[in-house]
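Look for chain A in each of the two complexes below; its partner is chain B in the first and chain C in the second.
What follows is the complex of A and B.
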């Protein structure tokens, strides 16, 4: 409801009569200047002494046409081929030294081409603005109303149209730092930008998607996707359940020094995650402290390879989940402690009088209430775990090695594999872009479906 | 009426011109420079060397300053190391150093992408004259020399004299029956040469023939079987940190390169000893275990403004005198044949062992093909799989075929 009201407020400056005016009416019934303004932006505004608006529009149009003629058109034509010259040549210069003539740099051509597209889109918006303003002037004249002066127009930017002024900077920021890079990355998925085509690459359509889904990377993609989902589910579930149980344990009556116990776990949480993970990697190493202790106690005769290159995949995966529990449970504990402390006690009292034991209370009252509050946070954690780069990269580096995978190990998640594809030996940028898109699709669909099914969403 | 039109048109055209000037400059780019000939050895040449070699090369470069007064040479410590040159230069070739140290196996990839220039003809003939054929082959790619060789390296056997005798380390079986050995079957650099010993080639004899790898053969299977058999050998320890194991006294021998000599000497003290690789018994025969041979050299960035100056600097920094200085300060083994005859070089145990290892039949020059990128990714898991037993002997042939296919395209 509130949303609709707001929209009406901003649109209320345009009257219904003005809205009803068609393009054809403005063009056929307007005076010469109004007609000309369809081609020369800003003319009508200048004629009506709205200098700033009119001049800005006119200058921007001339600049745009000039840019289009001298730079824009070539940027577009290069974009279609990503540079016609794909061959590197070596020549010898006059003094007998070799010179290398590089092919066209597709990376830059792609970037300039996309910027050109963005400029055109912005110009179309500007043209729309010009038309609206022109129509407004036509409408005011037809109705015989006063035309706002230059000063009034400018003042309105700080008053009734303040929203437009305030939005300008964020809008430019979003375009330059979010939309452009995202479109740029996405477009790489449709090229053959990789180690063999590092300078001059071309459009290849969905070929890179084919490589990942059915080609040479399929044998890695699907098993890694499977492990990523299993990992995300197990990691989220274990830390959540562990955290809730720990919180209930600490909160339950009869436990002394509650603050002390809580502090201990908060300390675990307070140590930066990467320090913990690197330390754990040392601790669990084949020649690390844990194996040393176990061997000195004569519990094992050979060191266990938990997370090394040659360890057993199952052992490594279980180890990763346990280490993640150690660093994840304190977080869940803190959140659920807050919820438990705020649970209505009368309901629990009533249940106890009715003869419910502690387990029954937990199952039917405490846990559902915690779950209700925490579901959105859980979904967020789940998505976070799908992309949990730190735990895998810092703890195992993707190890143990897997001879059936291309550029990934048995504990690699999609996101760490993506990192390997870009920064590893093979530099498959296009495949990495495809992976990025696929990860986004997985994340977006899971979170959309999950959020809509939560009680918090339905009741909120 | 007329005045505002003039103002509008004037203002607009000024803005349009400015916009055009700004946009126009971004589209054109070409690599033409240094038109005049002989006296073009001037300007600034930036050189990347590994951090620990910076002092030596700064010292060497002083000689250049007196020779070419207009030339300024900046020796810069490359923090990410010459081993990463291939990846680093790709980020922005024009920002990378004009001359940089690089291992020879990256030359092919960089040459294919056009990041480096071949060596000028006059320097190329000098390189051929001063170095052994193996060295020249090592820096040649598609019939052109792409780097000025400065040092050669090969892995050798370091061992503890108090636990192993010189006779013990002649054969793998003799050595591992007496004391523990630190092996690394996860890193192809250390362990892949078993395949060469078994009689396979990587990218053919020349190392440049993409389709000529023949590991998916009976010989390749034998190599994997040998690696798998080491799991049962109690004295072979799989480790990714052999130096630690040596320090802890858990192993008595390891394969390593000259770059770790100083560390190993510190660890073993008087018990320090070095030898060429032992023989291994493969398929019932004793055969010399081989090693990868690497050649480090200076390559010239094709984006360098002054090619003549850059190549002259690279040539000077890889000269005999410079190689000897590097040997004295770092222990890097010279490639220059004259420098190899120097007394200090000849009398060093490590250098002797390395020079023995770099002879034909003891080592294989690291191939330079861009396909090596896939090789590094896939060879480790293959050997590690055989060693740990996660690849069953029945699957050896199929896995080798898969590996061969992946690196042959």
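What follows is the complex of A and C.
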């Protein structure tokens, strides 16, 4: 038993002596098989009877070389031009018949080219793994230690190398469905992929960035960015404040059936957003229920156009923020409730004995503590609001349209504008990709600054 | 003393009134949705609050699908299929991912956590066109492709579950290791049985997502407008009011009825699960 334990504690880390070995030493002092393993992956492992590892490496190398020869190289060579044939043209073939040549599909060429890059990167990682394993075998032999058998190697996959076993499938998913699409879209920002170049497009460098930042889209980008930031700040602040106040109201002494009150508010949040928001759009329509009620109560004489195509931009923006409060306050309320219930009561008790009133206690004790715990969550909410597609798309659809904007309305955020650029009339895919990158930069810089600040706050 | 008592009573009454008012504001549009689904109204617009005549016709018509273009029953079957399969696979992936990142130590761990954070900052729509072409290239613009998209994202949705695993004391693992268990045995025999709450939570969230997502399902299934029976509920209902000209008015009350049908089970699930949800958020928040 003790022997087993010792093995587990030492095996997990690579010893410093092994780390010190250089590539040149493995290559020059290793035996022939060790040398050959630099070129034919898995040989040394097979020689040392680590069949599974050795054969897997060997088969993967053969597969990689085969793939490279038959499709990889052509995928790479097409990547530089994104396909040589940019226009539809007619040629005469050998037997004299005219033939129509379709332009090359750059969308697919780019996709396969990027997949090829990904495969090469994965192969380099595999090669590095092969080298490490080869070096380990060399090290074990040099020190005269026992080489792990095939069985031991496999057993380590469930123990010291369990992370590799468990992460393999999720990582493939992340690579295929997050990394690859993201890289694909980033690369589209450097092309002229739009309605005019819908099939065959080419690399154009930073031209699309120019269009968005200083060109014809700049007049839309900066106002929309401004509204996006205002919206994110106001939406985050109102839902947070409202949620905290509501939680304090429900949690205050004397209120009975706290769970019941909480549930009423939670229901709103629990109903799928596409239901509540589409219904809210109906509810707030010029002919909708809310105007009906207000008219019946004689509070207004004409129906108010809250979010329609012809509504006032300011009214629409304020309406969106109010509807967002209606959706967002219950979430903040739930979270602040959990925090309030865990606050140390003795401080509050002490303050009350010292004569502090409810408002003072809230301002000086409760609120700062809630804010402290919730800061990271607030940063996430802020970023979530910058990217809050649902509320805008389902509620207003970006309306009212703004004649000064290209493909965006007065309530459009950067993300909904991005969506319009792709799926709307304009089909400016490259501009949409640029926008995605710019949104990423905004998100990343805000969270970077904010996290720095909160860390400083915590330490100080 | 008496004045203090009356002061408290006034304060409590005021708070009750405020709470009741707020509750009405919050619950009123929800009530309106339910009432509208029971309204007999084929002009499309429901501008009255209390329906003049109550009817279940919207619900029955929804299931009968007389128009032929809104096969609600097929939508339910499709969505159920997608939801069950992707909930099982996503839960599996999320749990092993968060366990690995919380409990195992390896060279790539820190960089991976940072990369995951950075990837999360790209707007999701950016990758949509790419996903569309990837799925088109492998001929998967169908429910299978939709499952792939939902499950493919599960590898990055580990924050809440990781927060949970971080709270299980490490000493339990160490004790088991000293007793000779390998890490796989620690995972399957100790951590998994302890983590039933987070497994249930992850599975439910993964199950609910396909019921409410209309964007991805719209992009992946939306080009097949000739076959509405391939839609999921969320996109089907969305198409009911958006895609077809004139459908918005003719099918509006049926649309609401459909919304109520899917919203009720999800709402109930969520109200039951709210405790886990809060724990997840605050656990994640605490880590910074």
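As a convention for this text, the second predicted complex is superposed on the first by the 374 of 460 C-alpha atoms of A that agree within 3 Å, B and C clash if a C-alpha of one lies under 4 Å from a C-alpha of the other, contacts with A are read in each partner's own complex, and residues count from 1 in each chain.
Note that contacts are C-beta pairs under 8 Å (C-beta built on N, C-alpha and C of every residue); 3 or more make two chains touch, one makes a residue touch a chain.
These numbers come from a predicted model, not from an experiment.
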(request) Report for A:314: first if it touches chain B alone, second if chain C alone, otherwise both or neither. (result) neither
(message) For the overlaid complexes, name the partner, chain B or chain C, with more touching residues on chain A.
(response) C
(message) One more residue to check, A:46. First (chain B), second (chain C), both or neither?
(response) first
(message) Just checking: does A:287 make contact with chain B only, chain C only, both, or neither of them? Give me first, second, both or neither.
(response) both
(message) Between chain B and chain C, whom does A:429 touch in the aligned arrangement: first, second, both, or neither?
(response) second
(message) By the touch definition at the top of the document, which applies to A:67: first (chain B), second (chain C), both, or neither?
(response) first
(request) Using the touch definition from the top, say if A:198 reaches chain B (first), chain C (second), both or neither. (result) first
(request) Return first, second, both or neither, reflecting whether A:97 touches chain B, chain C, both chains, or no partner chain. (result) first
(request) Using the superposition on chain A described above, determine whether A:334 touches chain B (first), chain C (second), both, or neither. (result) second
(message) Quick one: is A:59 in contact with chain B, with chain C, with both, or with neither? Answer first, second, both or neither.
(response) first
(request) Could you list which residues of chain A make contact with chain B in one structure and with chain C in the other? (result) 287
(message) Applying the document's contact rule, which stretches of chain A touch chain B when the two form their complex?
(response) 46, 51, 54-55, 58-59, 62-63, 65-67, 70-72, 74-75, 88, 90, 93-103, 105, 112, 195-196, 198-199, 216, 286-287, 308-310, 312-313, 400-403, 405-407, 409, 423-427
(message) List the residues on chain C that touch chain A in their complex, please.
(response) 8, 12, 15-16, 18-19, 22-23, 25-27, 29-30, 32-33, 36, 45-49, 93, 96-97, 99-100, 104-106, 109, 116, 118-119, 121-131, 133-134, 137, 148-149, 151-156, 177-178, 180, 182-185, 187, 211-212, 214-215, 234, 237-238, 241, 252, 256, 259, 262-263, 266-267, 269-271, 274, 277-279, 281-282, 284-288
(message) Applying the document's contact rule, which stretches of chain A touch chain C when the two form their complex?
(response) 1, 4-5, 8, 12, 107-108, 111, 155, 158-160, 162-167, 169-171, 173-174, 176-182, 184-186, 188, 246, 249-250, 252, 254-255, 261-276, 278-280, 282-283, 285, 287-289, 291-293, 326, 330, 334-335, 337-339, 373-377, 383, 387, 389, 414-415, 418-419, 422, 429, 432-433, 436, 439-440, 443-444, 447, 451, 454-455, 458
(message) Give the list of chain B residues in touch with chain A in this complex.
(response) 4, 7-8, 11-13, 15-17, 19-20, 23-24, 26-27, 29-38, 40, 87, 90, 109, 112-114, 116-122, 185-186, 238-241, 244-245, 248, 302, 307-308, 311, 370, 372-374, 376-378, 380-382, 384-385, 387-388, 390-391, 399, 403, 406
